Structure formats: structure tokens, C-alpha cells
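Chain lettering (A, B, C and D) follows the sequence in which the chains are written, and residue indices restart at 1 in each chain.
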Amino acid sequence: MDPQKDFDQELKDIEAKIAELKLLAKDDSVRFGTEIAQLEKEKADLETSLYANLSPWQIVQIARHPQRPLLRDYIEGIFSEFIELHGDRRFGDDAGLIGGLATIEDRRAVLIGHQKGRTVEDNVKMNFGMANPEGYRKALRLMKLAEKFRLPVISFIDTPGAYPGLDAEARGQAEAIAANLAAMASLEVPIIVIVTGEGGSGGALGIGMGDSVLMLAYAVYSVISPEGCASILWRDGAKAPEAAAALKITAASLLEMGVVDDIVPEPLGGAHRDPQQTLANVKDALIKRLKKHARFSPKKLVETRYEKYADIGRWKNWW
Amino acid sequence: MAWFRKRKNKHGAGEGLDENLWVVCPDCKTHVHRDEWFAAPKVCPKCVFHDRLTARERLDITLDPGTFREFNPEISTSDPLLFTDGKESYFTKAEAAKGRTGLNEAVVTGSGKLDDQTVTVAVMDFRFLGGSLGSGTGEKILLAADYALRHRRPFIVFSASGGARMHEGIVSLMQMAKTCAGIARLHKEGIPYISVLTDPTTGGVSASFAMAGDIHIAEPRALIGFAGRRVIEQTIRQKLPPGFQTAEYLLEHGFIDLIAHRRDMRNCLSRILRYWKR
Amino acid sequence: MAWFRKRKNKHGAGEGLDENLWVVCPDCKTHVHRDEWFAAPKVCPKCVFHDRLTARERLDITLDPGTFREFNPEISTSDPLLFTDGKESYFTKAEAAKGRTGLNEAVVTGSGKLDDQTVTVAVMDFRFLGGSLGSGTGEKILLAADYALRHRRPFIVFSASGGARMHEGIVSLMQMAKTCAGIARLHKEGIPYISVLTDPTTGGVSASFAMAGDIHIAEPRALIGFAGRRVIEQTIRQKLPPGFQTAEYLLEHGFIDLIAHRRDMRNCLSRILRYWKR
Amino acid sequence: MDPQKDFDQELKDIEAKIAELKLLAKDDSVRFGTEIAQLEKEKADLETSLYANLSPWQIVQIARHPQRPLLRDYIEGIFSEFIELHGDRRFGDDAGLIGGLATIEDRRAVLIGHQKGRTVEDNVKMNFGMANPEGYRKALRLMKLAEKFRLPVISFIDTPGAYPGLDAEARGQAEAIAANLAAMASLEVPIIVIVTGEGGSGGALGIGMGDSVLMLAYAVYSVISPEGCASILWRDGAKAPEAAAALKITAASLLEMGVVDDIVPEPLGGAHRDPQQTLANVKDALIKRLKKHARFSPKKLVETRYEKYADIGRWKNWW
């Protein structure tokens, strides 16, 4: 058992026990009532102590948790409508980076985002959310469509990174991301970005420039994976926990550095422990941001976005 | 993000001389007379291998003598993460790089004349932390782009970089967005932007300003790509074909406008600038 | 340009009945009850083969009853070349097509309501000289696009065409440019343009307005492509893979946004229109 | 010997004989002088009778003549400068459709055009001037570059058609041409098109929309090749001459139909008989057109171009 991966195993055990007792309590509520109450208290205490001081590496585990909501879950739970549009009109359709016309509480937005799979089969198709150039080019096409119709763009980030494959290089992974950055910098409609899981380097940023960049409380966003960083620094991928800490990849750190604009709260222990609550939080946050940026003229939007990015890492801001 | 990997032995010949008079070409191992080697500069007369140049060397062979006026030499590395690997801090590493190179950052920017035409330039220096894109690098490139915009001067960037600067974490990644925001303004306002891709241009630099030019020029055989070869090989579990991620490969795949030999580069840039100016 | 080739026997089942009560699916040869066949309409319940619809049939299943107002029904074929193959003139051929179809051109255009939303539509009819793009076709499509522009109404085009109309020579080719000029204005002015590609959409129609939509919807298994299969086979000297140039193939290759079964098409269009209208 | 292909064989024979006599005349000018003069007159008469009433099919032969100037010849002969730019920034670089920054008598223009080869080797590389989608996408990129710098576009047409290959279909030949048509319709800089050889259907039109469309006197421009038309109409490709006539593909016919704006004269018998004169004529025509369209505002340009194309095949223009 990997102690890092299952740091919440103890909690899972208690939960299983409570569930078991509750089942028995149906027949004999008097007998099990106290025991359940006792366990519930134990659980609450454990949760608090366990989740109050999560290490960055533990947060990485939550961000990558197999039961964490994925883009399709947000689409189904938050958006009253989603018309998926396919293809980059150049080469192919990327199942790992999807998009379409979406409606959220009577507000329309073009939605784009990384789509990981939950099954092996899905992950083969979606390439674990690692997009190919055609994914970025589809996103660009949809952003231009949004601009034509003066619709805001909502971008969901959840990727280990852009796919590092031979064909991806041949078809210009670098150019595809670069073109998107230049285009997003001058897109004349609002762009709201939310990092929901893994924000993996250039693969995340390739659809990640925005007027508001939000981050779920247990999401991470990093220039390099902790494993990659560890194997470079110490030639030892197992030292990923140390790298995760050094890289400052949590929402709190990013907020502090001014790279994200707000943190969207998650239930204690992570989105997977209460997906409905998470979805509601994300929905509220998106609507708030949509309302905020809807007020500005295209010109003002682009200017403000420029200033926002020009300010990140401004010389003399640090020292 | 790979600049701290061990320097490939095919590079850096200009520093490690075989003996005082001769330089060994890092690629074909031909002995070249030191004077000839540095006059080329650093191009093997036999196999046309283009060894890396420092930013100053690049400026010297590119601009008219005495015309370069540097922007913001004071801008230096920042350490937003207070990053350390346990043994050595980024701060120490950066100080060492400064001492070794005489530079404060991985890019030198400024204004100068190229064949009598005023241009804004940014030249990356691979010796400085592998030409990595840190906040100081991004800031200097943005300020230079902004200068080019305000004075309506063509902007030329010579890239040489392993990618984003890991030690500055997310702030480094954001320099990709920041520099592209500067480039996007040039596109909107009709200011020429030429990206010159030299060995190596990879990772976050290839995926931002280096691949967003009006015109992309590369030096022969320069390594250009997004992901590192090792990562790709591990991903696809097969060896990469010869010539993969070279300038020639990218030309064939449609991402480079032209490849110019180092001795023709200045002339090539001059022609393009003169074309636009007319 | 291939509409005068012999009609492939897999099409046209709606006309050639096996007996009065049954229709044989042109693809899987299943016997389908005539009522069921035309109620579908013309979709095989077993293999989902979508047989071609006439323009009127398409309008009937797409628009709200009684809402269609036709534009320019008087616009008909022109004969700029006074074209003849020696035995039969284009004029005669066109007259015959008019008589057979009750149409004056290969496209019917107009305004109507789709699920209570006002739209401008153009529907091609493959029976009319293979849905070929002649000057009258192009003119009607341009006028419809122009109407959509002036009234700021979404424009929906259902394509079904073998390509340009050879008998009108260069004037036919120019209809590709002409229709795209109309579409370009819609793009510039933010008017939605949906292209619905039905079987077949090839040649000059696929290479113009049909592939220039904001959204591309195709019917299942529709043949969509630029060059004809025979020409491609002769060029590359090998057989084409199964499924080549089908709607599904184009979806996979990134050129189609979605494929909608005929029974879902109206609903699909309505959703998109409602989305834009909101 | 194919009588269609070598309709000017008799002329070639006389020319050879004159050349031979001239060689001999070096030694004995008195003896051969009269004979040469006689032959020269015969040649002139023959030229006049031969070229005065060329059939459309004969003109097709001239348009496809292996010695006819190709794009590289025009570039070298007409333009004082050409900086070739490569690649579509998507997939590849098409040697059969080239482009770059050009200068013609101190006027700048972005040049695009089909490039056929003269040798077998070149034609393999250039695919006989039949462009792939990446060719059309490169042209589009260069046209957008022209727009950024407010430079006019000059497009040279000489192609049997867009390449009908499996890969070309897979990468969207139809979409590539369609996208170019929509883009050329709204490009805010002047576009001058000249058909110098074969104007082959959609493959020609894909870079062929313009404010002025010129045609060399012996160029052809057709919706389908005469061979293709003949094999459809009569299931006999050998009847191409009849099809060539029926399709009205010559410059004179196109001018009459309002599809081209002017005919650029060629030397009697075709461009290959005096390339220098042809180049000079093309140069004059291009400069005249560049001057003409330089006067208009972007808005006016696009409006006028729209009207021009809307007028082609206007209902009631014919009857």
C-alpha cells in the first residue's frame, strides 16, 4: 500500500464501518445508535485533523483522485444545455479536449476543456486528457466562434500536460499552443478559466489564459509535474512529494502569487467526497465571473487582460 | 525545463579547446583553426554544425557596430517560490549564472541598427540557466515588444531555450502567456515580428513567442520542439527517427519559413526588414 | 460534375418500388412497408441508410407547416455556353429536369419557421441535374444569404450536390466564389450559418459554401468529399478504404461538428437556433 | 504522331531548316541568303495562318506547353525580389503552391501561385502543380500576412486542379479551398489574379478570387478538364478537342462572360516562343492593376469584390 496515495484510508475504514452499522441499525436502532454517533464523531475529528494540514503532495492525490468530477460531470451537473461541436477543420477531432455551446442559468458560453476518462477504454480514447495539436486547434476554432457571436468562453483545465508524442510534435504541438496564447490574448470576448484538477504546464495554459482564472481548492497547477521535477532535481521520481512542496502548486500558493483570481471551495477532503456540493460551488463561481466580465467592452476586456498578464512576474514586484 | 541536465557533449566546443590553436567540431570532430572557428562564428566549415552563440556574440554578428542600446540590464531573476532543492537554492544558482555569464537574465534586449535599419531585438543566452524562461526573461521580452509597438519598429527575437524555468514555478509558466500577450499586440497593430529559432528552442519557449512570429527563421540543424526527446521516447516506447525535431524537420512539416546559415542570417534579416520598411 | 453519371442503384428506392406496398432498402435490401418508409422518411429502420430527399420533402420535415415562403422561384437555369454534347443540348436537358422535378433550379430557397424560430433556408435537390451548382443555383443561394444578412436571420443550407455544373462552364465554377462571398458577409456580421451536408456533397459544393459553416452537421453515412472516388483511385492506383468520404470519416478527421439522424435533425437545428436566439 | 499535339510541327520544321541554313550561311552568305529570306517569309505566312484561328484544343496545348514559362520564370524575370516563405503552420509545406514576399518595380506584394515542374524530378516534388490542402492553407496564411502589413496579393494560377489523393481528402481538400474562398472574399487588401497556364477548376479558384482577374492570351480556365468532360459526355477522353470547344475555356470566351477582366497578350504562337516578351507583358499588366486597386479603402475593396462576384451569373444577365 502506498502511504502517499491512501492517506485517507483510515477515514475510509470508519466510513465503511458506519455504513455497515447503519444497515444493522435498521433492525435494532437502540443497540447501534450510540455506537454510530460515536463513530460519526470520530470521523469528524479525523477529517478535521486529516484535511486541515494536507501536504501539497496529498493535494496532488486529491487533484488526481479517480473519483474526482471530470468535465463531463460538470457539464451534466452545471450546464442546462451542451451542444458538443467536433473537429479542428484541419486534421482531426480530439476526444481529450472537447468543446461546444453551453448554457449555464440562462447565460450562454462556449465551453472548452480537457476531458479525462474514468475507464481504461475512455482514457485510451481521451489520451488521459493529454491533448494533441488538433485539440488546441479545435479549441481555437471554438473561441473564434465565440468571438463571432459575442459569447464568453469558459475553459475547464484538467490535464497532466499536452501529449508528448511523435505525431503531436510532427503536427506542431508547440505552434498549436503558441497560436492559442496569442489568440486568447486578443480575443474580444470574456474568458473564464477554471482549474478543476491537474493544471499540467503548457498543456493547461494552452487553453488557460483568461480574464478570471479560478481554481478549485484541491486542484494543482504547475510548470512541471512533481514527478518530473523530482527526477530532474534528484534523479528520483519517488521524491515527488518534496518537489510538490517546492513548486508551490496549490491553489493557496497560486492565489498568493496572483496567478489565480479566486479559489472555489471544495468539501472537506476533496470534490469526490461531495460532488454535488462541488458542482454547486463551481456553478456559483462561474456565474459570478460571467456577470463580472459581461460589463466590459471588447476593447476594455483585451486591455485589462493584457495588463493582468503583463503584471505576472513584474520586475520589482518581488523584491 | 531541461537546462540543468548535463550539457550534451556535442555542444560547448568553443569553451573546451583541444589545444590552444585548434577547436574540435563537437559534431564531426574535425579540427578547425581557432581563428577560423570564431570567425565563422562557431560554424564548422566541414559539417556546417552551428554551435551555440552567447547573446553578445549574436548581437555582434547581427547589428551594426556600436548601435546597440540595451534595455533594462538591471532586470534580473526573481525567486517567487524561494526555491531550493535542499542542497542548493535557486538564488545561489542564479547568482552563479550571473557571475559566470556577466548577465542578469537569460535574455538581452535592446534597440539597434541592422544594416542601417532600426530594430528592437531580444537575444536569449543559453548559458544563463539553459536560456530558461523566468519572470525576468518574460518581463524583458514584454518590455521590448512594448517598445517595438510604441515606436513602431520591427521586433526580432533570437530564441535559445530549454523551456520554462522550473525554479520559478507557475510564475515561469505564465511568462508564456505574458510574452504572447505582447506579441499579440504587434500582430494587431501591424508591427513585424520575426522569430529566429536557434539551437535549442524547446518547451515553453517554442510553445509561446518563438512559434508566434510573422516569419520563422531557423539556423541549420537547430533542435526545435515542444517535448523533450526522452519524454517522447518513454511515451511512445520507440526510438525517434533521425532528424526529428531539427530545423529541417520543422521546415518540412510547415512550421518554419526558411532556414538561414549563420553567415547569411544578417543579410536575410536585412532583406526582410528592408522589404517591410519600403 | 458527376450528376449525369448513371444513378447508383443504391439510391432512388423511393421511386422504384418492389411492389406497391413495399420499398426495398437500397442498401441492406430489407423490405420496408411503404408507409413506414416514407414516414421515416426514407430511412431504413434496419440499417439506418438515409435515402435522398427532395427539396420539398426536406422542407416538409424541417419547417413548421405552412410557414415556408419561397424566394425567387422564377430563377432558373442559364445557358451561357449554349452547351451541347452534339446529341442533346443543355437547354433540353434542363427543360427535362424542370419537367421531371417541378423545380426551376437545383435549390429551393426561402424563409420559414423552424420550431417557431424564423430562419432563411436553402435546400438543394439532387434530382435536378444532380444538385449541380449552376448560375441559377448560386444566384439563389447568394440572394438567400443576402436576405439572412439584411434581416439578421440564421441561414441554414442543406447541400446535396455532385459539384459544379459542367454545362455552364466557368460561370458554374464562379458560383463557388459567389456563394462564399455571401457566406463571408454572414461571418463578418455575426449571422449564424449552419451547413447541413446530406448525401452526396462533393466537388465544387463541398469546396465552397458547404464547408464554410459555423457549424457543420451531416446525415449519417452521407458521401462527402472533394474528388470523386474513381478519380482518386486512378490517381493513387489503389482501392479506397471502406468508409472513405462518409460523414463518419469526416467527423473523425475534424471537418464535421456532429452527425444527426434524420429524425433528430429538426430538433438538433432547433436547439442550435434557440441557443443563438437567446 | 498525335496531330492535335503537334499542330505546329510544320512550323518547327521550317525553323529548324532556317537555323541550319544560317549556320551554313556563315561560310557562304551569298548562296544561302535568298533561300533563307524565302523560308523566313514562308514561316511568317505559316505562323499567321496557323495561329490566327487556333482551336480551343490547340490553345490547351499551348497552355500546357512544356516550354511555357512557369511561376519560377515569372518570379525571376518580373520581380526584383522574392523572399520565399514556407509552410502552413499546420501540417507541411507544399512545393506545388509556393509564396512569399515579392517586389515588382518598387511595389511590394505577397506572391502566391502554383508551381509546376519542368523535369520529372521536379514534378514529383511539385506534384505537377496540383496542390494539397497544406498548399491552400499556406496561401491563406500568406494572404493574412499580406493583410497584416497592408500589402496587395498577386496570385499566379497554373494547375491541372487540386490534387485528388486519399491523403488530400483526409486532410480536407474541400475545406481548405472553401476556407480560402471565404477568406479571399473578405480580405482587406487588393488581390490580383493572373491565369498564366492551366486554370484547373476548384484547384485554380482556391487561390483565384480577386479584384482583377487577368488571363494570358493562350491560357485556359475551366470548370473541368476537356479530357474529363469528354469522358463524362462521350465516355471517350479522345474527344477532348470537342469538349474544349464546348466548354469555352479560352481567354476570349472568359472575357466575354465577364469572368476575367483583361487579357494579357502573348507572342504569336504562345509564350514559349518569346518568353521575354511574355514576361514584359505580364509585368506591365500586373503593375497597371496594382496601381488601379491601390487607390481604394479596405472597405471599398471588399464591397467592390463582393459586387464583382455577385454579378457573375446574375439572373437575367443572360436572357
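As a working rule, contacts are C-beta pairs under 8 Å (C-beta built on N, C-alpha and C of every residue); 3 or more make two chains touch, one makes a residue touch a chain.
The shown structure was predicted, so the numbers you read here are calculated from the model rather than taken from an experiment.
Of all chains, C has its CA centroid at the greatest distance from the CA centroid of chain B.
The greater number of contacting C-beta pairs, out of the two interfaces C-D and B-D, is seen for C-D.
Look at where the CA atoms of chain C average out and do the same for chain D: the two points lie 33 Å apart.
If each chain is reduced to the centroid of its CA atoms, chain B and chain D end up 42 Å from each other. Separating the CA-averaged centres of chain A and chain D is a span of 54 Å. Here the spacing of chain B and chain C, counted between their Cα centres, is 52 Å.
The set of chain A residues touching two or more other chains comprises 89-91, 171-172, 175, 179. Counting partner chains per residue, chain C shows two or more touched chains at residues 187, 253-255. Shown here, the protein chains touch in an arrangement that is not a line, ring, star or fully connected set.
The chain pairs satisfying the stated touch condition come to A-B, A-C, A-D, B-D, C-D. Within the complex formed with chain D, the chain B residues making contact are 187, 190, 192, 214-216, 251-258, 271-272, 275-276, 278. Taken together, the chain C residues at the contact with chain D in this complex read 1-2, 4-5, 72, 75-76, 78-81, 83-86, 134-136, 138-139, 142, 164-166, 168-178, 180-185, 187-188, 202-204, 206-212, 224-228, 231-232, 235-236, 238, 240-241, 244-245, 253-255. For chain D in complex with chain A, the touching residues are 89-91, 137, 171-172, 175, 179. By the touch rule above, chain D contacts chain C in their complex via residues 162-166, 168-175, 177-179, 181-186, 201-202, 205-206, 208-209, 221-224, 228-229, 232-234, 242, 246-249, 253-254, 257, 259, 305-306, 309-310, 312-315, 317-319.
Contact residues of chain D toward chain B in the complex are 81, 83-93, 101, 103, 106, 108, 134, 138, 145, 148-150.
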